[in-house]
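Chains: A, B and C, in written order; residue numbering restarts at 1 for each.
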């Protein structure tokens, strides 16, 4: 994520996106009646799995969470209080807030993924795939560890498609004369808005 | 695969092998009632998972499908029409054709895997394992993502064993005075023929 | 493991730890009614999966089992006789012996994992995570391949916690004036003893 400028705003959004990922891991791990070790690991994998897979495929090191161990420590501390945390969040935070935060995270992570793939000289289609992988594979790995068929592969909701469209928008915008900052932020925002619209209207794709 | 000579013939065989891998992913993903995202991802993982795992273990980059994004695009286009595609294939292509194409792919991928492991200076037993991994782990990862115990680990058919035997044949032939071309092609062909014979006679291994 | 001194003793312990990992893979693979290919692969993944994942995350090569192909060959030979092997072991080795050997392996692998992470300049919390990953992810990957929710994430036993405590003891001891040898061996021993005590008294953690 470090390649998106304006560090202070980005840092806040980044933390929110990671927390939303971790929260989704907490919920799934608890649904599977996991213990502390499982709750922490699943939350960690959900929050960082997509970016880690991308970096392994690109052979990029150090990994994001290695450079920022404070995020791992944060998830560790939250895992210790996962149960009251989730209960409290349910009372003060509506599902709508979580969906919005998740959509913001999806946009940022996906566009950051494309950006890093392009810096590693990936061809464009592969770069767009790396963006989508960054955005969705945290949840995919969460579901594999929890012994489920990954939700994003079977619920018919265009979650990954929204990321894919925004990744291509970023790739196209870069070929134009707009600034890289504008390309990044507008593409991330398009992903977020598309995701929220498809959620709002409960859109589904047919099966191919 | 690029280390096997005679590019034009190899390119055709390579495309066929990748398509057969993708097809097996399409079928399994649809059996699990996955959506477009799942169908594409599972097909992609089945086609490229074995070689990707080998390259990660060997720390070899760029990955095959990164250098040849046309294959990823091809699978993407096919995923869009997976349903009519599978229906049409069922009418014009017999199971026999698919088994033959898969056996050809197994031979080529396995021998190419050994070859690349040897270029990376792996010891011989590890090189033979890398060959088998290249040949079978696409299907293994497909089954893990589809939440099944991998078929190749439990059906008792000597699929991986055929690859293992051919990998060792290649390793031994290299120590002799035969040309590397001959070693590659004859070993790949032995794997293909062994696989077809064991399929024809429905051979099973006992459980150890 | 090669960074722990006193090669001859370490080699013996290392072999025992690997064999115990492989044995646990044999048992789980047979419980899933896998064939020879599955039994070998699951045993191999259980024995080497944790260290391999750590090395991929650290981008460290060559992998341990690549440098020591004799261990892969040993597991291969044992897989061929897994059934009589397990039957014989059940007669001559009590469960207690296996738990002790596994606890010794957990201690050694975890502390070796921290040590290697520190040599790769990981920050301390990440280094402690790498130690735990080295100790437990063989079993996690075994369970994923066998299509189970990983045992270590749901049984509530403080297996990973014992490793985590010992990893931190090693990190703290290194900051003091004690020798690195002493830090390594005493931390590994603390993990082993903690694991055996929690097993003896059947301790469980509550769910978070």
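Definition applied: contacts are C-beta pairs under 8 Å (C-beta built on N, C-alpha and C of every residue); 3 or more make two chains touch, one makes a residue touch a chain.
This structure is a prediction, so every number in the text was calculated from the model and none was measured.
Among the remaining chains, those touching chain B and also chain C are A. Simply put, chain A must spin 120° to overlay its Cα atoms on chain B, rounded in steps of 5.
Shared residue numbers account for under half of those found at the interface formed by chain A and chain C, and the copies are therefore classed as meeting with different residues. Chain A and chain C have Cα centroids separated by 31 Å. Annotation for chain C: residues touching 2 or more other chains are 56, 59, 144, 147.
Partner chain A is touched in their complex by these residues of chain B: 29-30, 32-39, 41-42, 52, 56, 59, 61, 63, 65-66, 69, 72-73, 76, 79-83, 144-147.
Chain contact summary for the complex, chain B toward chain C: residues 56-59, 122-126, 129, 136, 140, 144, 147-150, 152-157, 159-161, 205, 207-208.
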